[in-house]
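Each of the next two complexes has chain A plus one other chain: chain B in the first, chain C in the second.
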Partner chain A sequence: MEKFGFAILKERHIDYDANDKSIAEYIADREPTFRLCIECGCCSATCTTGTFTRFSLRELQIYLKRGENEYVRENIRKCMLCGKCILVCPRGVNTRNVITLAKQELQKTEKNAV
Partner chain B sequence: MQFDPFVIPFNIGLYFILLYAVARSVMWFNELSRSNKLRLQRGFFGRAFGHSLKEIFLESLIHRKILKANFKLGFMHMSLAFGWFLLILFGTIEADFFGAIHLNAPYKAIFFKFFNPEHGRSGFEAVYSFWMDLILAFILSGLLLAIIKRFSSKVVGMKKTTKLRILDKVALTSLWLIFPSRLIAESFTSGAYGTGSFLTGSLGSMLASFLPASELAYPFWWLYSLSLGVFFILLPLTRYMHIPTELFLIFARNSGIRTGDQPGAYKEMQIYSCSSCGICIDACQLNFSAGITNIQAAYLLKGLRNHENVYDIAYNCLMCGRCDQKCPVGIELTPIRMISRRAGETIQRKTNIWEKYFSDIQHVAPIKTNGDLSYSWLPKEKPVKTELLYFAGCMTHLTPAIKNSMVKILEASGIKYNFMDADGGACCGRPLMLAGQDKEARELINFNSELIWKSGAKTLVTSCPICYKVFSESYYLNVEVLHHTQFIKMLIEQDKLKLNFTRRKVTYHTPCDLGRGSGIYDEPKEVLSHVALLQKTAFDDENSLCCGGSLGNIKINNQVRNSIARDAAAELTQCNPDILATSCPLCKKTFAAATDTRVADIAEIVAEAIVSPPVKEIKPGLSLRRRKPVKIL
Partner chain C sequence: MPEMKNTVVIVGGGAAGMEAAGQLARSGYYVTLIEKETNTGGHVKDWYHLFPNSRDSAEVIEYLEKQIKHDNILLITGTAVENFEKTNEAFIVKTDDGKERPADAIIMATGFDLFKSERKEEYGYGIYDNVITSADLESMFRRNSIKRVNGEIPEKIGFVHCVGSRDEKVGNLYCSKLCCVTAVKQAMEVRKHLDNAKIFCFYMDMRMGGALYEELYRESQEKYRINYIRGKVSEVSENINNKLVVKVEDTLAGRPLKMELDMLVLMAGMEMSDGGSKVAHATGLLTGENRFFAPADHHFGSNRSNIKGVFYAGTCTAPLNVTETISHARAAVSDVVDYLRNGIK
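On to the complex of A and B.
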């Protein structure tokens, strides 16, 4: 790559070998609607937390599926579970359960305590 | 001394269960908090004692509530409980009155016929035997119903009956054997001696005509005693523990003890008071609209009794409180479920026999967190000083019609107010509580409380029953919390709102958190009947349905929610109303997708009925001519 004068920016780099997709699988097993998400962003548009912070459930779901859990761990607790995202979701993703399951799985390891 | 070895199993069982009941009561009493102990002591010497005796008679013996809800099921419970009680009572009197000596051992009364086979030949004795036979027939009729119910629950008007464990089945068999074996044993003895009344006498003489009655009687007396003994010994391990526990529970409840949000002895008592009658299963919408039949309160309590992991059961519930309202024992099912939610996932405990008899009180360990605050990013807003605060709530922001109507009503009434979350505020905290995250919820509660405190408001009006419930229950506020239906009713009474009567037919859906959750049934209906023709439905007030959109359940998917919403909406629109009214933004949103009838919040209906303000009188001399058009180019 270097020969051609190209480089991959660090922030654009998805390292699938290092990423841990176990949490996404754990969620998808228990909440099958997690797979239905089309990342349209309706949840982020209506989000109560989103009016105050950069918090975005869409972003979170993408990171979860990608297996970059560190970002999820830092941000997931901002959710207030108010449930507006469920009502606007065009695909019927049970978002509250997705968040609860993700929190739960992250909490299971002491290191990752949310 | 009259004695026979066959009474030994019964004696062992009886003395065991009496000692056990005393030991368990002492254990539970010790576990109660100090204030609850005092309540119980005060109740014992106060009026509560009389109330409890009355309630024990009406509920534990007659089963009045079950009779009201379902006559056949009630009769089944009554004949077994009240009949058995009568049999013991009159059996004891019989043994005391006709026996050789007064104050006999209990077994003399239970096996009176065996020790006094000649009794009941004539005169008063015969009348008494007739009475005893009548009681036995009463019990047996209930037992027949119970056996039929076990195989076909529809016969007694139940859609579903509870599933049993092996131990329950053994105890159930021994319970079923008690009365038939008594009947046959008494019949054989009567047949051999030519005594007995219409039931035992005639059955006895019939059996004696072709069977050696005097020899066959003895094994059946053994069977009677054995089934009693086995039943008593197994009782603490099975659902029949509800028989002694319910007495203790009724007494504790009448003394003023409530579940609250803490696990402890009272919660434990309630868990053991459940008879698994299955009324909660029939009341549950997840059962009759969605076909989910393994998560109802009876199963939650059963899981808790057996130290199982009840995580999935606890969270798969709409928290609508229908079962709470219907429970004939009066167990506070929703608070118990909330406590179980907070426990999170638990490991199923294997318990040995000793632990089964004396299982410890289940405590809820707090979920481990790293101790950081979750919502420290919430902005520090400078509150506006005001008398009246309006808090729309998250869901109301998603149904702007309600918000706008409320603003219109507030403007029309001319009251000064401040729209607390006009640009979207923090959540009220109840959704987090429903998800078992009390610590996080407390952060939001503190944040909102601070805003409300600093605003110096006297009244807080909210449009969302979910917010209303948490504001009035879990916030420590010095303000009057009103739901907007209460507030509108107040405005109408104070003549601050002039309303037209719209001739539209309306049915009202009581939201769960407002009705059963907070006890507000009348105000919304009064407001509605002020502006429209309110029609009755089959599901009014305490019996109201859940819309299915409940935030209480985080397990079910959209299809299940929709089927519940469709069923509920169909029931509520049976009389073809123009509007299906509700007072909850979440109910509105859920119903709107499930019915063709217009769904509207009470605030919207009222806002539409506001008498439009009179046109300002035009002052003479003021020209009405239009201004010259502004030239653009």
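On to the complex of A and C.
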């Protein structure tokens, strides 16, 4: 049957208070430079993955901080851990370690975790 | 030092007026310093600690008070200047007590007024109890008591940048320049008082263009764990739990965001003072599109006005910080001395 697209749309708000910020806290505790990001976008501009896909490390860090963890889970695997982003960051954020820590923490809540 | 017979009337006894008065008096001129409030010190005396180094504002006041302790200075408080008239090369300055005071030159140091945050009704100042201004927060620091109206300690506190600045809706297109760094300073200060508080700054741009401002911003992230969310708060409401709910777009995530807060601080911008505007209207001193006094030249005449013999010092020309205000006042003195000695406008 033809679908007309009528549906109850999910609210687009970032519900900050309801979201789980524990992954961001886990990262900030172990890699304090995570707090220093000023969202300049240098990392995304130099990122090879970002050149070929919609991956943006700048955006990923924002979503982490807001507790939008499912978005992070879906996208973080695109990172190849090459580390070019670390070289260009004007605030000295250890971006590769941020990604590594995020992966570690996300793995704990992976649906098919062993 | 040769005795100078010239008298300079300085309108306004804040940081600019006090500094200029002291400098002129020590150069041998007579000064009539007229302040509309009962105390000198202007806005500086209302602040707690000053950026960028957390110095107690009382130290600056102490310095300024020392500046104006001079036999050549006649201090008149509780009196506002309403008008002045030029006759030949001298002025008659008229005050609201009906008196007329002679002057060979005038320095306008009428300063600024804080933007009245009630005008941004959507932020709820004067409507919701726990929406306060940056000035209110300073007095809370001074009293060492950061509390909600019901006495509770706030756990989540937001700061709204650009309240009354960069906003066509209130007729202020300009940036007040100091609110960003004040928010950073105040956020850090709140953290020093309340170690467990979660603090969020809602900003459009972080304008950290001053000595040590950027370093302070970085320190606020690194040591004080202040969170920055890019987006201008569009509206504030209060929910059934007596919490403030802010609506903002997280422009870096590209999505709207909502958050509950215990307290919201509005970073009130700077506007031309009411007193300055009245004198401008009465005397024909020119003002700019931003309503502050318009300097004769932006690059080398920021202390001169369109009336020969009338000069500007401090924030009556534009938003300035304390350091800049004091420098601007000293520069005004240099122009006044030039004018009185050599007739150079």
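Basically, the second predicted complex is superposed on the first by the 98 of 114 C-alpha atoms of A that agree within 3 Å, B and C clash if a C-alpha of one lies under 4 Å from a C-alpha of the other, contacts with A are read in each partner's own complex, and residues count from 1 in each chain.
Note that in this section contacts are C-beta pairs under 8 Å (C-beta built on N, C-alpha and C of every residue); 3 or more make two chains touch, one makes a residue touch a chain.
Here the structure is a predicted model, which means the values were calculated and not measured.
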Of the two partner chains, chain B (first) and chain C (second), which one does A:35 touch, if any: first, second, both, or neither?
second
Would you mind checking which one, chain B or chain C, touches more residues on chain A?
B
Looking at A:84, would you say it contacts chain B, chain C, both, or neither? Reply first, second, both or neither.
first
Taking the superposition on A as described, I'd like to know which of chain B and chain C A:63 touches: first, second, both or neither.
second
Touching A:14, do we find chain B (first), chain C (second), both, or neither?
second
Overlap the chain B and chain C contact sets on chain A and report the shared residues.
32
Where on chain A is chain B touching in the complex?
32-33, 46, 48, 51-53, 77-78, 80-84, 87-88, 92, 94, 96-97, 100, 104, 107, 110, 113-114
Chain A-touching residues of chain C, taken from the complex the two chains share
206, 218, 221-222, 225, 227-228, 230, 250, 252-260
Help me check something: in the complex, which residues belonging to chain A touch chain C?
12-17, 28, 32, 35-36, 38-39, 58-59, 62-63, 65-66, 68, 91
Chain B residues touching chain A - in the complex, by the definition given at the top
344-345, 367-370, 372, 374-375, 377-379, 394-395, 397-398, 423-427, 431-432, 435, 437, 440, 444, 549, 551, 554-559, 586, 589
